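Next come the structures, one after another.
Two complexes, one shared chain (chain A), two partners (chain B, chain C).
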Partner chain A sequence: MATEDARYRDSSQYRLWSFSPTQLGALREKTNAAARARISERLLSHPLPTTTTSTSSKDLSTPTSNANTPDPDGNSTPALPEFLTPPEELTLVGYYTSEILRASEALHYADEIKATAAMFLKRFYITNSIMTYPPAEMFFVALFFACKVDTGHVNLSEYTKIFNKSPEEILAGEFLLCQGLRFAFDVKHPYRALRGAMMELASFPDMQSDLKRLDAAEARARKILQFSPLMTDAYFHYTPSQIMLAALSLADRGLAERLIQETFHFVQMEGNSADTPGGGNNGGGGGGGGGERGNKNYRANEEKAKVIGSQIRDKVLGTIEACRDMLNRELPERKEHWTNKPFIKTQITPLRKKLLKCKDPERWNLVELQRVRREQAARKMDSDDEDDASGGRRVKKEEDGDIFGGDLGHSAKKRKVTMKKEEDLFGGPMLVKEDPFGGAKVKKEEDSFGGFGGVL
Partner chain B sequence: MAVSPLVAPPSSLTSPLKRQPSQQTSSNGTPNFGTAPLSAAKAILGHPQETSTSSSTPPSLTLDPIEQMNELEKRKYVKGRKLGEGTYANVYLGHSRSDPSALVAIKKIKVQAQYNDGLAPDAVRELKHLQELRGHPNIIQLYSVFSSKDQNLNLVLEYLPLGDLEMLIKDVDRVRYGAGDIKAWMGMLTRAVWFCHENYVLHRDIKPNNLLIAADGEVKLADFGLARGFSDPGWRMTATVITRWYRPPELLFGARHYSGAVDIWSVGMVFAELIIRTAYLPGNTEVEQIALICKQIGTPTEDNWPGVTQLTQYTVPSEITPVWGKEAYMGRFGAVGSEGVDLLVKTLALDPKKRITAREMLEHKWWRTEPKPTRKEDLPRKSGGGGEEKMGADLKRRNGVLEEDRGSKVARKLDFGAMK
Partner chain C sequence: MAGPPTDKVNRAFPLDNFAINNTIPRSTSQHHTIRVDSEERPLPTDIIPLNKPNRTTKFAIMASRKPPTTSRPGGVIAAPTTTSSGLPTLSSDDMCPICKTIRYLNRDMEFLINPECYHSMCSACVNRLFNDGPNQCPYAGCHRTLRRKGFRSAFFGDLSVEREVDIRRRVAQVFNQVEDDFQTLRDYNNYLQMVEDLTFDLVNGDEATKRKAEGELQAWEAEHKTEIERNRRAGKEQDEQSRRRLAAEREAARQRRLDAIKEAEEEKLEKIKIKEMEIDSLERGGPLPDQQRVQLKRRGNKAVEAAANLATAASTTTATAAGDGVGKLSIRGLKEKKKEPRPEGPYDPFGGLDLQPSRYKIHAGLKHPNVDKYRGDQAHVTGGYSFEEYTSRAMFEAFAGLGVFIEDEKEVGIGLVASEVVGMGAAMAAVGGDAGNRMDLD
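Presenting the complex of A and B:
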C-alpha cells in the first residue's frame, strides 16, 4: 500500500546503511577489533626499526609474526601501542565530521553536499577503522567525492588549491572511499521533506494567521537538520521523514504533532471520506495512502486504519520521540563545543596523538598505498583480461614467481619506502601537512577555515 | 488479455509496475543475485584473524574486511569473452560461478586517460542511480559491483542478448512488426521512464540503442551515465544532455531548469521512430534540429509556449509554422491508430509544462484499444544473432553528450534560411 515506504526499503540507504543501535554498535566493535588484530600483526611482522637501517633481509626471513613472541633479534622489541577503543574512534569520527561541516559551510556548499560528505565519512568508518585509514585525509576525499556525486562534476585542481592538497592526495583515497561505501553513492536527506511539511502546514486554514511561527520553526528545524542528524547516528536508524519530524518537533513540538495528527487521522475523523493529506508521505510511518476509492467496505477501512490509524500514529510518535532525543544530544549550539579550545586540547589532541601511535603501518599513507596497488596491478597488467577468466590458475603463477625470487628485491625496496614514510609521519613538518586543521598544535585549530570564505 | 504486460491499473498505489512476481523469475533464467548481504560483511568482520597472511606473497597487501568482501563478490562471477571494447568501458560475457547457466554482462569501466579527476563522473552517475532503481522489469539490473586489479570498476549487469530496439527498427528487410508490437515496446519503455521519474531520476539519454532486449523479449532501459536526480528548484542543470535527435526544444534553447518532460520528448521521438522506422527528426546540428522541430511539429512561440523567448538560446527560423494538429500526423503515423497518434502528439507538446507525463501516458486510452500489445515472448526478434555483440557495443558506449554540440552553441545565430 504505502509505496513510498516500500520504495525506501529498496534504497541503498535502507538496504546497506540502516541498522539498529545494537547492530551498529556491534559492527563498530568488530571493525575496531579487526583493526587491532591486523595492526598488531603488521607491526609485529614489520617492526619499526628503532635504530636507523636495520637489515631488511633479516626482517623478511622472520616468519610472519607469532603474535606474542617478541622478535628474537631484539632489534625492535615491538611493544604494541595502546589502541583506540571503539568509543574513542567514535569521538574522533565525530570530530572530523564536525570539521567537514565546518569546511563545507565556509565553502558555501549546498546542504545536500555537506550532509552527503558527512555521511560518506561516517559510513566509511563503520567498516573501516580510523586506525587503518587516516581520517584527516579521508575527510578531504569524502568532501570531494560528495561534490562529484551530487553535482556530477567537480574541478579537482580548484579543490586542491582551496585545501592546499595535491591531486594525488585527494585521488589516492577516492577508490578506497567508494569501496568503503560499497559503491552506493546515494544519500537521502530530510531537507525536501521539511519544505514539504511546511507547505502542508501552511495549507491548513487556521495556520494562515500564524505564518511567522511557521517561518521561525522552519528556520530552526533546518538549522538542526544541518547539524544534529549528521553528528549523531540518526541517519543509520531513522528515515529522512522521521528525522525531519524530529527536528521540527525540537523546533516547535506543536507543529510536528499537528502534522502527525493530520496524517494519521483515520480514527479521529468520523466520516473517513476526507482526503488523505496530499503530503501524507511526510508522516514517515506510512502516509501517502490517498487514492483509495469507494472505500465503503470493511476491508478497505481496516486497511486504512493500518496505514493512517491511531495505532500507527502512536508508533510513529514514539519513533519521532526517540529520534528527537538523539538529535537533542547534538543541537546546533554544540558546534562551538567541537571547536572549543579546552575541549580540543583535553579530548581530541590526546586521541590524535594516540592514533598516530597505533595507526596501520601498511595503510596509513594513502598515496603510498595507492602507488603499491598500482605497482601490483601493473605486474598483472599484461594478462589483465585472461586472468579473470581462468581464476585460480593465474594466482598460482604469481606465487611461483615469488618463489623464484624476483620479488625479494622488490619487497625489500618497498620496505625501504615504507620506512621512510613512517619516519616522515612522526616528524614535525609532516604533521602539519598531514593535518592542516591543527595537528598537535592547538593554535591552528581556530583559524584553519578562516581563509575559505574568500576563496569561493 | 488479463496478463497484458502493458497497462498499469492507474489508480492502484501498490504499483504493479514494479516487482511483478511473474517477472521476478524472468525466463532468461537470470536469478536475482541480490546485493552482497550485510551478513557477509558481518561474517568477515567476525573473523579478524586473517587466514591469508601466509608468507607466500610478502609484498602483497593483506586484505581488509571490506576488501575481502570485494574478493567474495568478485569470485561469484566468471568473466568470459569480450563482447565490446571502447574507450570508456569494456564489456564481457560472464556467468555466475555457482550456476554457469546464469549469464551476466560485466561492464568494466576503464581508468580514463584523458580524465584526470579520478573516477569518471559517468561511472559515478550510473552506479549511483542503478543502485537505487532495482527491481523494475524494464530497467537493466545491476547485480553487483566489484573492483579488479588496478581499481577498475566492474558492474555486473543483467544479460540482454537480443540486441536493442535500434537494431530492429533499422532492419527493415528482415524484421517485420506491427501496431501490437509497437504498443508492447512502448509500454515497456513508458513503464521504465515512469519508474525513473517516480524515483526522482531523470535519465537524459533515451534513444533506441539504449533500449536493450532480454532473452524473453522484455525491453530494458540501460545506460544511466547521464542520469541525475531531480534538482531542487533554482538549482541549475546542464542543457547539453540527450542525444541530439531525441533532445527536446527546451534543452536546445538552453534551459537550465527542466523536468521529466525532457525524457518524455525522447520517448515520443522513439515512438515516432518505431512507426516510421527511421529517425523522425535527424538534425545534423543543433540549428538544424531546431529547424526540423519547427517545421515538423511547429514553431515555439510565446503563444503556444509562454516564456519560451526568454530562454537564452531561443532562436527559430523567421518563417513561423503553426503547431500541427493530430490530423496532420495521421498520414504518416496512422499505423498506430487514432489513439496512438493522440498519445504521440501529447508527448511532442512543445511546451514542457503541457507535455504529457509518464504516469498520464500509462493511463492513456491507447493501451486499451485494439490491437492488444503483443506478449513479450511473441515479439519479433532479429534473426541471425548479433544481439550479444550489440549489447556489448551498447553498454561500452559513452553517453550522448556530443562535443560538437557545445561549439555549435556559439554559432547558433546562424541563418536558418541557409539550410534546407
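Presenting the complex of A and C:
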C-alpha cells in the first residue's frame, strides 16, 4: 500500500466524512425522515398558536424570522405542513453554499477559508436536516468558524458588523456546528496539491518550453477548484488529489493524463530488471527523465505494481474521469446561475417558503435554544449543589419545560429520557459495522440534542 | 515591708490575685517571681500531642519540705478569680490555692486537676480532701462533687487548652468515622463540619448550649455504639500496622548499616591483600604485567559482583514488598505501581507510519514561480521559513490518496472492488474481515 494513501486514510476527512454515493444518499434520506418524524410530532403535540389566514406570505425576506408562517389554506386544524424532500433540501443547501462562497469572496477571504466554510455547511446538513436548524443562521456561523479553523481569525465584533448580526446569534450556533461536524475540523483541500502537481509537471524536461501552458492550466484549475468541488459532493466521494487531477484535466486534459502516466509508470517485467536502479529507469519508459519516482529498489515487484503499476493507473484514471464528470456539472461559469434572479424566484423562494412552514418549532431559534440549554445546565448544577449541601435532602425541581410556558414540557421530559438512554457525547456512531445503513443515523438525530443538554 | 513584694507577686500572677499569705518570706517571694516568669511562657498550642504520656513537672530547687500550715483541712477558701475563659491557668506552680503551700517549702509539690471542673490543687490537698471518698470541690462557688480517681496532672499550662483537648479527645472517640466511610468528599466535609460545630458548642458555648451538645453527643454515642466500636478497632489495627511497618523499616535500615560496615571491612582487607601482593611481586623483581591484570580483573569482578548483589537484593525486596510490604525503603502514601512497561525501541512519533514517499521524489528541480518569488523575501527567509518543507508538503498532497477509492472502500473495505464482491453474504464477509478498519469510522 502506498504510504501516501495510508497517511490519507488516517485523516478525519477519510474516516468520518467520506462516503460512497449510495451511502451519502441514504444518510440524507435518513436525516430527512428523522427530521420529518420529529417535527410532525412536535407540531401535533404543540400546535402553533397562530394558524389563521393571512396574505402577507409573500414577504419572505427573512427566513429566520421567528414569526409563524400563516397557513395559506386557512386550515385551523394542526394539519401537518408539506415537508421538504431530500432533493429539495439539497438544492437549498447548494444555494446557501453558493451564498457562502459569494460572501467570502466579497470579503476577500483566503481560498482555504472559503472552501472550509462551504464544506462545514455541507457536512453539517448531512446529519442535520435543513428543517431543523435555520440555514440562514448556520451560514454565518460556518463562515465565522471556518475563519477560526483556517487561521484567518476575524474579530467577532467586526464580523458581526459586516453582516449586521448580534454576537449572540453567531456564538449560539457555534457549538452546534462543531457537534454536527463531529468535531472534525480539518478539511483537506486540493489547492496545495495543485501547486505540487504543477511543480512536478514543471520539472519534466520537455515541459520547460511550455511554462505558459502550465500557468494557464493552473489558473483555470484553481478557478474550478474554488467553485466546482464545493458545489458538488466531490469532497465526500473523492480525495483531494483526485479532485485536483480532475480539475486539472478539465483545464488541460493532456497535462493531467501526462502526470498520471508518469506517476503510475511501473511495468512488471518477467526478467525483474526493474529491481535494479537502472531497471527502474527502463521500466518507466513511458515518460521522460522523471520516470523513476516512487521506485523503491528493494521492494518486491508485486508491491511496486500495486502502488505505481498500470492496473492501479487505470483505476485512478476511471475515478478521475468520474470526478471530472461531477465537477463538470458545476463549472465556475455556473456561479451566475445561483445568483440568477429568475432562478431564485422560481426555484429558491418557493423552497424557502415551504421551509418556513415545516421548520422545527423548537430548534429554529438558535439564541433561544442556547439560552434554554444554559439555564437547564445551570439549574442542574444548582440542584446538585443544594443536594450536597443539605446532606442528600432532595429538592423537588420544577420541570424544565416551564421556560416556554409549558410548551416544551413534553419534549423536555423526552429529552431526559433520551439522555439516560444513551450518554454518547458524540451522538453515537454514524455507521454501524454490521449494517452500514442501519438505524443508527436516526438515533443520532434524536439524541444529538439530548446528549448535550447537560453539557452546555 | 509586705507591701512592695506582694505587688510584685500579684503582677506575676495576673490571674490569681488572691491574698498572699503573710508567712511567705520576702526573699523567697522575690525569687519565685523570677522563676514563675520564666516558667509561664505559653505552650505552643497548635501542636497538641494527644497521646503523649502526661508530663511530670519537677523543679529542682532548694528549700526543704514544709507541711502546709494554712487553711483548715477541707475548708472552703476564697476562690481565685478566673480567666476570661472561665478557668484559672495552671500558673500557680508555686502555690496551692487551697493550702497556700509554696514550692519553696515543698519541692515535690505536684498540682492536680479534675476534669470535672479543672480547678487545680496540690496533691497533698487532693489526698487530704478526697481520700475518704467523694467530696465537694474546695473552690468557692464550685459545687461539683469530685473523686480521688478523677485527678490527674495537667499537660498544658493553660487549663482552658487542657479542657478543650480533653473535649476534643472525647468527641473524636465518638465521631471516629474516616473518609473512606463516606461516598463523596463533600459528605465527609459536611460530617467534619458537624462534628466541629458540636465541639465548639461544648468548648465555648454557654451552659444551655453545652448541655444540649452534651446530650446530642451522648445520644449519638448510645445510638451508634457498635459502629463506633468497630471504627475504633479498625483505627487500632491501622495504628498497629503502621507501628509494625515502622519497626520493620528500622530493622531493615539497621541491617543495611551492618552490611555496609561489613562490606567496607572486607574491602579494606582486600586492599591490604592487594598491596601485599604488589609488594611481593616487587620483591620478586618487577611487577608482572599479567598479575596486575589479574588484580584489575579481581577488582572488576568485585564491582560486577556488587552490582549483581544489588540487583538481586532489589528484586527480593520488591518480592517481599509484594508479599507483606516490609523490608524495603518505602514512601508511604503512594499508590500501587503498575507493571513496568517493556523496554521499547526508539520512540516513533508517527506510530509506525511510513513517511517515505512511494509515488514521487523530492528533488531540487521542483520549483514554482509563485514560490520562488519569496525565496529572496526577507520576511520569509528571516523567519526561518523552509521552502523545502512547503515543497514536500505540496508534493505529498498532490499524490496522497490517489489510490484511495472511496466508493469501493467505504462500501466493501480497503483493497476490494465493489463490483467484484458479488452477493450480500460476500459483502458482509468482507466487512467483517476488515472489522479493525471499520471500527475507526465511529
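Please note the rule applied: the second predicted complex is superposed on the first by the 320 of 456 C-alpha atoms of A that agree within 3 Å, B and C clash if a C-alpha of one lies under 4 Å from a C-alpha of the other, contacts with A are read in each partner's own complex, and residues count from 1 in each chain.
Note that in this section a contact is a pair of C-beta atoms (placed from the backbone, for glycine too) under 8 Å apart; a residue touches a chain by one contact, two chains touch by 3 or more.
As the structure is a prediction and not an experimental result, all values here were calculated from the model.
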Touching partner for A:Asp206 - first (chain B), second (chain C), both, neither: neither
Touched partner set for A:Glu333, first chain B, second chain C, both or neither: neither
Partner chain in contact with A:Leu16 - chain B first, chain C second, else both or neither: both
Contacts of A:Glu82 with chain B and chain C, given as first, second, both or neither: neither
Partner chain(s) touched by A:Asp186 [first = chain B, second = chain C, both, neither]: first
Touched partner set for A:Arg7, first chain B, second chain C, both or neither: both
Common ground on chain A, meaning residues reached by chain C in one complex and by chain B in the other: 1-3, 6-7, 10, 15-16, 192, 292-293, 388-389, 391
Residue ranges of chain A in contact with chain C within the complex: 1-10, 14-16, 18-23, 188, 190, 192-200, 202-203, 215, 236-242, 244-245, 263-264, 290, 292-294, 296, 307-308, 312, 315-316, 319, 388-389, 391-392, 429-431, 433-434, 436
Footprint of chain A on chain C - complex, ascending: 184, 186-187, 190, 353-361, 363, 365-371, 391, 393-408, 410-411, 414-415, 418, 428, 431, 435, 438-442
Residue ranges of chain B in contact with chain A within the complex: 11, 13-15, 35-36, 38, 41-42, 45-46, 48-50, 53-62, 64-67, 70, 75, 78-80, 82, 90, 92, 116-119, 121, 124-125, 127-129, 131-132, 134-135, 145, 147-151, 153, 198-199, 228-229, 232, 235, 238
Chain A residues touching chain B - in the complex, by the definition given at the top: 1-3, 6-7, 10-12, 15-16, 27, 30-31, 33-34, 36-38, 41-42, 45, 60, 63-64, 110, 112, 127-128, 132, 148-149, 152-156, 167, 170-171, 174-175, 178-180, 182-186, 192, 288-289, 291-293, 362-363, 369, 372-374, 376-378, 380-381, 384-385, 388-389, 391, 398-399, 402-403, 407, 410-411, 414
